[in-house]
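The data blocks that follow each hold one structure.
The two complexes that follow have chain A in common; it is paired with chain B in the first and with chain C in the second.
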Partner chain A sequence: MISPDDVVTLSRLQFALTAMFHFLFVPLTLGLSWILVICEAAYVMTGRQVYQDMTRFWGKLFGINFAMGVATGLTLEFQFGTNWAYYSHYVGDIFGVPLAIEGMMAFFLESTFIGLFFFGWNRLSPVKHLMVTTLLALGTNLSALWILIANAWMQNPVGAEFNYHTMRMELVSLSEVFFNPVAQAKFVHTVAAGYVTGAMFVLGISAFYLLRARDTGFAIRSFAIAAGFGLAASLSVIVLGDESGYTTGEVQKVKLAAIEAEWETHPAPAGLTLFGLPNQAEERTDYAVKVPYALGLIATRSVDEPVIGIKDLKRNHDLRIRRGMKAYEALVKLKAGDRSDAVLLQFEQHKADLGFGLLLKKYTPRVVDATEAQIAQAVSDTIPQVAPLFWAFRGMVGLGFLFLFIFGASFWYLARKQLAPRRWLLRLCVVAIPLPWVAAELGWFVAEYGRQPWTISGILPTHLSVSSIEASQVWTSLLGIGAIYLGLFVVEMYLMLKYIRLGPASLGTGRYHGEATTA
Partner chain B sequence: MLEYDTLKLICWGLLATLLIGFALMDGFDMGVAILLPYVGRTDEERRVAINVVGPTWEGNQVWLVLAGGAIFAAWPLVYAAGFSVFYYALVLALCALFLRPVGFDYRSKLANPHWRSFWDWGLFVGGLVPALVFGIAIGNLFVGLPFRFDDTMRVSYGGGLLDQLNPFGLYCGLVSACLLALHGATLLLLRTEAAVGLRARRAAMVLGCLLALLFILGGVWLAGMAGLSLQSQGEVAKALTPFEKTVTRVAGGWLHNYGRWDWLWLLPASGVAAALLASLSAWRGWRWAAFLASAAAIVAILLTAGLSLFPFVLPSSMDVQSSLTLWDASSSHKTLWAMLLVTAILLPIVLLYTSWVYRVLRGPVTVETIRRDSHTAY
Partner chain C sequence: MTDPEPGPRPALTTRRPRLWLELSVIVVVKLTLFFTAKHLWFSEPLARHMTIPQPQVEQQLLGTAAKPVPPVSPTRGASHDLTR
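Right, the complex of A and B next:
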């Protein structure tokens, strides 16, 4: 499937693997940081030692996770330059800005205060330490905001314009980039998913202690905080995910159609396909089970707007590719120095479709001489593989509802003080620990794979974005980074499990399970 | 909004500030890691050295992340061509940098001596390799890098895998490692006592003199190398592509800025003086003076490199016209302006809370403090 000397595929593979690996650590950081704030706020308000111990113990696990997040984050930033040089040149003028702001506004904040979180306990008053923890949490969340503003611009490139002289996209409006509707929807959905992850982590581990009947005072309090926080988070992740669906429907019509396997434009309001087998070759979904009206309501917030199907989108893309060829033809003349009014006019009229013209570069370097068959091929490229998106999306949504159930049931039985006899629920909480990660990775898969064949939607095709490096270079980095990541992951899991098994006794306070025998 | 050419110049200064900030702040973290096998003979001594930088190193690495992001935003072409042409070097530096967060955080979480020794070496590699790689990268700027642009601004490369390991590049790697190790040594001198402090003092005395010598010889070497000279450049107040200038290769070209502005000689001279002063202060036991002198050496030496290249930022050896200058590598007017505003607002805040954190965490780190906080210390 993967050609061993295809730099584009290899670079995509490397970016996908390193990004997904990085996102094993990010959601837990996002969610757990607020749980630390809640625990510590409880300590400051009640003055009860157990809440400080909770902050410190969950903080220890936070630290083990955070180190991996820091180690793996740098790879993503560097990779834009090393593997995606043309991308970096083409859109750095816009894309670099949120990245730089992320560093200054967010990453500095979290990284500076994390040290003080661990080492400041005896040097700061409780209130000041709580402030440090809050700034740490704020930093991690702001970091997600700026990264998602950057990512949202790849999905919906607003506030920028192509400059034929410098051959790149240039900033027109910073506020449009910052207030990109996709960014807002993505940010709230992503951090809410992080909160679910953090809550499930604490909930599951606390359930494990409760099942073993150890450190129950510590565990039940942690369980309560996680259940409450997780319930709110899982409700938001679903509601905000729906919001995300709405903005996708507005600006990323291809992704929406692919996720829903909507081949035809049906009369409004569109039905939602619950299940079915998408068949890309014949452009239909076999055995589809549909819920009437639902998709139309989610995607258009109305009963009279249709959801455009893939076949119609392709017809539109065919037109845009042909206009893109005109734009490219004019661009070549402009680059050669012909600035006559006719050429400028032709360029201005068609430049919005330049990106679609560039899709043809894969088949013919001159673009303007593309045959009908090549155009048809480029049109078919504009639709990503439907089946993986269709299934990944359903997996994510299904898990979302499962989380709502787990947090809801946990909260319910806890509030009614009937938790201890519900061992099935506690066991479910333990088993469910890894699932938020699965949901988060599926979500990113939908977002990024669903953007193909573009790195910047409608502007820059993926196959043009890479550096003109050798496949051997990518192989070297892929294998080297992969090997180190694998080793670090084993070490991280070992430490994490060891400290989870030790429990709050790892703080060495002498107050917890198993300490009486050693102390 | 400021004029476009003024902004381009200011942003050169901004990026220089961020890169120097990285070398100053993360420099001593890397330096301490480089010295770790020498200053720490026992586990507790090594923990002393690690805990001098441990609580704050993470914030310091953000200078690197920020410098990267700022180059991406302000000089996209430099980011594109520079990062991809240094492909292997950066992947190597990355792989070494992976070991740092994990090394700091995981090392003391288990008592097993093999485990601890493994991460001690991990931290050493995580300090030494990036210090060498960044030095080699700077050296290669003077040698020139094998890249060129086509008319769509796509970068292509020439040359082989090991070209960047040329003698001058390697030499600059050595200077860089020496400089950062000195900075680490003076920090240890400032923050620790007893055996670790004594060894740090000895290291600082030797490294300061060595640095001064290496830096002078490096300058002599550079004087004998061919450099680039910007013969003409399109209108700098406008958006430029690299093709709108004429560049020639000239003998001794990297020193001709010094011919034009004699006051520039103050920079390398201060670099040498600061390195020697660090050495002298360490010998006399003036801890703060030694630390400030090594910091001054970093500023002076990096500015020397930057201003010798000026106005070039990424010279090409393959096609001199493709060399990037601050005039034709810059982002659009709007983006530079945005970067300047954002930095002017946010960086002072960062400096403010960073200095508060350092103040809270001040005080010596000794074997006794490590024993007392054994459960929480790195």
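Right, the complex of A and C next:
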């Protein structure tokens, strides 16, 4: 339940709403861009008009999505300075580079090539236009990289260290930030999820045309490309998701333990809880159905490395909070002008745990005078709510395997020329169109909610990241932005449905369903 | 599998949905809404250019007061006074 005057929760809600809305557009852009490349490559190689029509029609839906989605992330940047001022100050030195590169990618590379893509059909040769389409796809995918590098740094803050003079994190190694293992795993997993989204979109709409027996030549070719691309993408997203899980196990042990509801550290290799009811109060999972050894093998890729359970992680956090109190004490003295060797040494020895000390600010402003009960409360805060993570993760994984089945079955029956009688499969393809978005949003929920109580893991607690603003301000902007986004969503759905209903006839070539009768 | 038949080209040009015009209008309206939102609700960020004055950071992280920094007024000043 959200307290109406809780600025931290309201600011989180606003940021989540904005980010999740923005991410409705991103995965389709990522996936559809490569499907355009495949369609157009087929046109260049075969010279068959239908492939150019496919590129233009799916490109039209790509254009609607791009136009509706462009700049929807702007409000995130507005919120950084207003709602998340202390966070912004803390990360400003690190975020500047990737965000600037992303801005250049998005506004220069993408905008240039999207213009050439739509208006270059009669001005460029087929091969040159294909190059434009390929560069457009590369540009959209690369611009996702920089945002994910920035996000990955929040999950695993490498290549930076705290400077007590400036009271912010400062960049030490740009290459460490760029080659952060979390960033690499997150990028490939996210773009692969985008490819699944694009493929399911084309597959589902093509199935809709096939069910209606309209534009079948166009639809079956689109279906074939989407099935092949989607099969490869869904396999990739599962394999790369496994890689992402392994990376999480390496650097975000709390998130992994919460996702898997691992309360105890079991002997290696740990079993995987398929289903169960996480009981946070009692720190156990009721009615757990386990697969022996599976979690240990997946999460550690070894048979002798344990997966650390939540109870042991809490014991470790208790120690880190106590060390953080010493770091905090030294920092206060340093800021008061005491630069003695003893104080500097105390700070250097404990500064890695300063963030854990800051968790106590929620309970006692002076930190160093925290009681045992307050320390225990802060320790408890270091573990996010397990049940939402446990179920969101299983929802995402379950959908991933459903996509694999849909693309696999589609590819199989198409290859055997047995697709037409499989109307259940075609209907399933249509029904499944929105599911990749559900999976992607669940994935982001796991990533971001699982990072709590931190905005920057182990460094800056969420409650200290927000600005000192009033709840009424956040409510007003939250409702306002919500209304704007709701309006945009309605327009997006209207335009998409309108052009999907029209189908390739919207190209006005005179070759498709319904055109001859309206002539 | 059937290829699209190259039939007689109907005079569709005049009634074709003017998608690009629609999208251009939407983008302009959207940007207007966003920058209006910025003007109304985000025009006085505490962290301009992702930095804030150091005393405020120290107060937030090291201060002993429960609410160290005075809240920014929800009223954004003269530029938001529509009666002027």
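What we mean here is this: the second predicted complex is superposed on the first by the 515 of 519 C-alpha atoms of A that agree within 3 Å, B and C clash if a C-alpha of one lies under 4 Å from a C-alpha of the other, contacts with A are read in each partner's own complex, and residues count from 1 in each chain.
Throughout what follows, a contact is a pair of C-beta atoms (placed from the backbone, for glycine too) under 8 Å apart; a residue touches a chain by one contact, two chains touch by 3 or more.
Since we're looking at a predicted model, the values are computed, not measured.
Chemist: Overlaying on chain A: chain B and chain C, fit or clash?
Modeler: Partners clash after overlay.
Chemist: Please indicate which partner A:163 is in contact with in the superposed arrangement: first for chain B, second for chain C, both, or neither.
Modeler: After superposition on chain A, A:163 lies in contact with chain B alone.
Chemist: Considering only the touch criterion stated at the top, classify A:172 as touching first (chain B), second (chain C), both, or neither.
Modeler: In the superposition, A:172 contacts chain B only.
Chemist: Quick one: classify A:53 as touching chain B (first), chain C (second), both or neither.
Modeler: second
Chemist: For A:365 in the superposed arrangement: first (chain B), second (chain C), both or neither?
Modeler: Second partner only.
Chemist: Looking at A:124, would you say it contacts chain B, chain C, both, or neither? Reply first, second, both or neither.
Modeler: Only chain B; A:124 stays clear of chain C.
Chemist: Is A:511 touching the first partner chain B, the second partner chain C, both, or neither of them?
Modeler: second
Chemist: A:218 in the overlay: touching chain B, chain C, both, or neither? Say first, second, both or neither.
Modeler: second
Chemist: Is A:502 in contact with chain B, with chain C, with both, or with neither (first, second, both, neither)?
Modeler: second
Chemist: Under the stated touch criterion, which partner chain does A:64 make contact with: chain B (first), chain C (second), both, or neither?
Modeler: both
Chemist: Where on chain A do the contacts from chain B and from chain C line up?
Modeler: 63-64, 67-68, 70-72, 74-75, 78, 80-82, 85-86, 88-89, 91-92, 95-96, 118, 166-168, 335, 467-469, 473, 476-477, 480-481, 484, 488, 491, 495, 498-499, 508.
Chemist: Note which residues of chain B are touching chain A in the complex, please.
Modeler: Chain B reaches chain A through residues 54-59, 61-62, 64-66, 68-74, 76-77, 79-84, 86-88, 90-91, 94-95, 97-102, 104-106, 109-110, 151-157, 239, 241, 331-332, 334-335, 338-339, 342-343, 346-347, 350, 353-354, 357, 360-361, 375-377.
Chemist: Please give the residue numbers of chain A that touch chain C in the complex, ascending.
Modeler: Per the touch definition, chain A meets chain C at residues 48-50, 53, 60, 63-64, 67-68, 70-72, 74-75, 78-82, 84-86, 88-89, 91-92, 95-96, 118, 166-168, 215-218, 220-221, 328, 331-332, 335, 358, 361, 365-366, 464, 467-470, 472-473, 476-477, 480-481, 484, 488, 491, 495, 498-499, 502, 504, 506, 508-512, 515-516, 518-519.
Chemist: Which residues of chain A touch chain B once you look at their complex with the stated criterion?
Modeler: 63-64, 66-68, 70-75, 77-78, 80-83, 85-86, 88-97, 99-105, 107-109, 111-116, 118-121, 123-124, 135, 163, 165-168, 170-172, 174, 335, 467-469, 473, 476-477, 480-481, 484-485, 488, 491-492, 495, 498-499, 507-508
Chemist: Which residues, counting only chain C, touch chain A once they are in their complex?
Modeler: Touching chain A from chain C are residues 1-13, 16-17, 19-20, 22-23, 26-27, 30-31, 33-34, 37-38, 40-42, 44-52, 54, 57-58, 60-72, 74.
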